[in-house]
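Each structure below is given as structure tokens.
One chain, subunit A, appears in both complexes that follow, with subunit B as partner in the first and subunit C in the second.
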Partner chain A sequence: MDLFLQTLVNGLIQSGTYALASSGLALAVGVLHIVNFAHGEFLMVGAFTAYWLSLLVGVDPLVSLVPAGALLFVASGGIYRFSVRHVLLAPELNALLLTFGIAITLQNLAVLAFGATPRVVHTAYQITTLSLGPISVGVAPLITLVVSVAVLSGMYAVLYRTGVGKSIRAVAQNRTGAYLVGLDVDRIYLLTFGLASALAAVAGAMVLVRIGASPHMGFAFVLKAFAIIVMAGLGNLTGVLWASLILATGEAFVRTYVPGGGGWAEAVFFLLIFGTLVWRSWRQA
Partner chain B sequence: MRNVAVILVIVAMVALGGTEGLAQREQVRIGITLPLTGPASVSGKAAEAGFRLALDEINKAGGVLGSRMQVIIEDDGNLPARAVPIFTKFVTVDRVHAITGIFGSAVGVSIVGPAKLHEPLILMIGAASPLVERGFADYKYLFHYHPWAYHNLEAVFNFMEFLRTGTGASTIAILYEDGPFGSTGIDDTRRELIRRGFDVPFMEAFKSGSGDFTALLTRAKRHPVDVLFWIGFDADALPIAVQAREVGFAPRMIFGTPASWPVGFEANPVARDVAGLAGWTSASPLAASREFVKKYQAKYRATTEEYMAPMAYTILTTLAAAMNKAGTPDKDRVTAELARTDAETPMGRLRFRPSRLSPSIYQGFDADLWMVFQFRDGRRVPVWPTHVAAGPLAWRWR
Partner chain C sequence: MRWIALAGLGAALLVPWMPAGGYQQYVVQVATFVLINAAVALAWDIQARTGQLSLAPAAFFGLGAYAYTMAALRGVPLWLAFALGPVASAAVSLVLGVITLRLQGLYFAIATLAFAEVVKVIFKELPVDLTGGAVGLTAPPLLGGHQTGLYYLGLAVLLVTIGASLAVRQTRLHYAFTAIRQGELTARVLGVRVVQVKLFAFVLSAFLIGLVGAYATSRLFFVIPDDTFGIGISVSALATAIFGGVYTTAGPVLGALILRTLEEGLHIVLRQGYLVVYGVILMVVILYLPGGLVGLLTRRRGRDAAAGD
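On to the complex of A and B.
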């Protein structure tokens, strides 16, 4: 029973990281209708921003998630203006190839600038654990979970309780209709892309504490994020939380209870994508 | 007619003598292929720094065969598809006198064909897989400086024996990444540890770079072990050390064998007493190593902990010495001289022996190259073998 509970807690804790990493992608898919392959690399840039702030200025990664988010918000605004904006009305493949190109470029720029070796920071809470009977939890992933829930709640509040959120939802539902009622669609897209990228940067700053920063770190997260947004329903921000929970606990249970599960766990997200798509097509038939 | 013949003979003799003289002054060119970009670039760049340090030293001392030695360094990205054209260019366009570098085993295997076609003199810095050894069977011009993979395992087994003798360690949990690096021969490793009397109650694969070890470590925790032995990459070092604490897993030692460690890991409190396998550390007490560290600091204003740097330095300096002794860049004569190498290097004494699986290959370092260090106070302190130990073994991780 202890093992079962610890596994459940492990999954729950990990789901915070997954939700944070996926929410930006869900936003981009839901509003801009583009699959942003560079989302993982935005996360990587966020992690490196937090790393350098920690190393050079001594800023805690928990604090630096604010400047990291702000930096990515501004930088991705530039990326949107110069590239993404021009393919939004083109066939979907164009956006896919464009963001893939951005991902490769960012990854290689990071290798050139920082080298391929992972970089790690240390914080006081990195090695602090909380114990409740036989269950042990790290403080750092617990903070990630709390931040994740807070950020997603904030996002939800913005989307459903503010005028800007209403505009974003209107554009997501019907771009032409939103334009006809006088909304500045391009500005909404810019804002959403920046917000989505900032969320990726926040996720990067949070994972820095547990796994460090490296130019190739984004790919693993973007794969998981794809599985999560497919499960949640493309663009469904509220579904991201429970989809993250299913993926993270699924992986934790496979790792714990399946022989050789350490290798098999990485196949869980493929299985979930496959299962979700088959189930949806069966239901629609 | 006789006069003409005499003149022709004299001209021919002068020409031959002249050619020999030219040959002696011919600039020696060495082709170096390394992964300067991509995930293996840390090792590749360290090797480049070592080669350049050696080159400066060689040329300051008069060069090779009376001329400055020239190196042509190319980036193969550790990819066979890039390494093969580079190798072919070295032989057919640059007409180098020897080829070195060749870091990854996949690159080593990929050049077997072109090497057998052109038969250049090759000095390998890495490529530890026995597949490379078997591929180069009967090849007469290969000097493999790096130990083979089975040498690396021998060193691990010897260290485990040392732990058992010194501390009574008897149980080991193994985590290995599920790619070729971690999983090749893993069952043999477990069998060998059991044959040597160790209990291995937990062995599990993981996906390198996944960053989530909590479930695996939670399971490992159910088997109280003395040593957690993990085989993976630098990206796995921090998550394993941090998450072992998070789930309350407390082996007496965490021992990993990544090719390199994350930047800043040594300064992190979680790294304290984590043990690793290394071909060399800057804290090595060997005189040649101290000399190397001094030269490296003078040239780069920095220190290195990457063993590829002294390995590259060793390769180029021993090659230059062999060429100077041979008095010619001719590969047969250089091979003969290089085979006689008996030198104190930063990494220990270097002598070549016939390789175990393919005796035509000249094998340099073996299991004795490896040392075990522990991270302590932001440094890597060698703790085994005892003749290079710079500090006591800490048997109390956490």
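On to the complex of A and C.
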């Protein structure tokens, strides 16, 4: 029973990071209607930004999520302006290939710049754990959960309680309609893309604290994020939270209970993406 | 165009005899990799003509490679094991094709990507004595490892793939493929047997990729899940085809020639991270050069007859 509860808690905590990583992607997909393959690489850049800031300036990685987010907001704005914007009206495969190209470029630039070996940070709270009865929770994962919840709540607040958020939702619902009522759709796209990428960067800073940063980390995350948003239904932001929870706990249970489970846990996500997509496609008959 | 192709073939036939001093082996090796890349890109292109963006080439390449290796290691005669590669890939692709029939565009791409990753994990996690686990298996070389012989075998494989690509282009299949790509519903209404054609394209493509995969083990000497099923294979296939000119036959070949040589050149300078070229090229081509190299060349000559669509 203890193992069960511990696994459950582990999954719960991990879901925070997944939710953060996928919400950004859900936002990009839901609003811009393009699949941003480079999302995982934005996460990676965020992680490395936090890493270098903590190494060179001594800023705690969790604090440096703010500059990491800001950096990605600006940088992705540039990426949007100079490339993504041009494929928005083209067949969606073009956008997919373009963001794929961006992802490969970023990933390999990181390999060139930082080398392929993973980097880790060392903070005081990384090894401390709290004990809640029979369950132990690391302080670092707990903090990342709290931060994730805070950031996500902030995002929801912006989306559902501000004028800008309303504009974003309007564009997501109907782009032409948004044009007709006078919204500057291009600026909203820019803003949303930036926001989504900033969220990825924040998630990256968190992964840095819990695991570390490596140039290849982005790929695994973008696929997991896809699994989550596909399960939630594209464009469904609240569904992302549920899906993250389910997938994170599922992964935790596979890791714990399936012998040699570590490797198979990877397959869980991909099987889920595959299964959900196929099942939905046949159901719509 | 014909004579360029013949000249190219002549040059390709002569590669092992070209004087390159101490670098002879290396030149043949690079040329072989060009052949492999071109063949996979061509096979991907065949399937892309139906409008489906598949990211599963890695899976079929790996299946071909593993089928050959696993069979050969169990005593199956090499030529039979070699034939087993494409057959295994084709069989799996048939199943995959049927399952994903109703997926369009983006979702199809993601589903095939997920499939490829699942296959990779399966081969990594299965018992070591079955598939070699994460460390992989050593593959017995075809033709006893004779370099020049292997090169010509690779050339033969590429020619088979070119033949398939041309055959699809010259027959009525071309119209079926294009119709499906441009509008599946309309194609169906017009009487195109969409399901059969899509499956045919998918299976043919997988068969060819599996063939290349089985062949490639002779070049790479071992199969290992992370590389043999690596997404790099799918990425380079589609980047090569798009760069060279998608939906054409010359495009992927030309693209492979340029990209692989570039990659080898870069590889000497940058030991890792040379894939960045593929990324940049993909971006540049999508934004500025949708017809790829072939599109650029035909535009210069003032639109000759072979314009696809």
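Just so it is clear, the second predicted complex is superposed on the first by the 274 of 285 C-alpha atoms of A that agree within 3 Å, B and C clash if a C-alpha of one lies under 4 Å from a C-alpha of the other, contacts with A are read in each partner's own complex, and residues count from 1 in each chain.
Keep this in mind: a residue touches a chain if its C-beta (ideal position, glycine included) is under 8 Å from a C-beta of that chain, and two chains touch if they have at least 3 such contacts.
None of these values were measured; they are calculated from a predicted model.
Q: Would you mind checking whether subunit B and subunit C clash or fit side by side on subunit A after the superposition?
A: After superposition on subunit A, which the two structures share, subunit B runs into subunit C.
Q: With both complexes superposed on chain A, which partner does A:Phe274 reach: first (subunit B), second (subunit C), both or neither?
A: In the superposed model, A:Phe274 contacts subunit C only, not subunit B.
Q: I'd like to know which partner A:Asn10 touches here: subunit B for first, subunit C for second, both or neither.
A: Only subunit B is touched by A:Asn10; subunit C is not.
Q: For A:Gly46, is the partner it touches subunit B (first), subunit C (second), both, or none of the two (neither)?
A: neither
Q: Quick check on the superposed pair: does A:Gly263 touch subunit B, subunit C, both, or neither? Answer first, second, both or neither.
A: both
Q: Classify the contacts of A:Val111 with the two partner chains as first (subunit B alone), second (subunit C alone), both, or neither.
A: Both partners.
Q: Regarding the shared-chain residue A:Gly24, is it in contact with subunit B (first), subunit C (second), both, or neither?
A: neither
Q: So, A:His216: does it touch subunit B (first), subunit C (second), both, or neither?
A: Touch partner of A:His216: subunit B, not subunit C.
Q: Could you look at A:Leu96 and tell me whether it touches subunit B, subunit C, both or neither (first, second, both, neither)?
A: Second partner only, subunit C.
Q: Mind checking 4-12, 22-30, 202-210 or 238-246? I need the stretch of subunit C that runs into subunit B in the superposition.
A: 22-30
Q: State which residues of subunit A lie in both footprints, the one left by subunit B and the one left by subunit C.
A: In the superposed arrangement, which is not itself an observed complex, subunit A uses residues 108, 111-112, 115-116, 260, 263, 266 for both subunit B and subunit C.
Q: With touch defined as at the start, can you tell me which subunit A residues reach subunit B in the complex?
A: Where subunit A meets subunit B, its residues are 3, 6-7, 10-11, 13-14, 55, 108, 111-112, 115-122, 126-127, 129, 131, 136-138, 140-141, 207, 210-212, 214, 216-217, 220, 251-253, 255-256, 260-263, 265-266.
Q: Once bound in the complex, which stretches of subunit A touch subunit C?
A: Touching subunit C from subunit A are residues 35, 83, 86-87, 91-94, 96-98, 100-109, 111-112, 115-116, 219, 223, 226-227, 230, 260, 263-264, 266-267, 270-271, 273-274, 277-278, 281-282, 284-285.
Q: Can you list the residues on subunit B that touch subunit A in the complex?
A: 37-42, 45, 175, 178, 204-207, 209-212, 214-216, 218-219, 222, 234-235, 237-239, 242-243, 245-248, 260, 262-265, 267-270
Q: Mind pulling up the subunit C residues that touch subunit A in the complex?
A: Answer in residue numbers: 53, 99-103, 105-107, 109-111, 113-115, 117-118, 121-122, 124-125, 134, 231, 235, 238-239, 242, 270, 272-276, 278-283, 286-287, 290.
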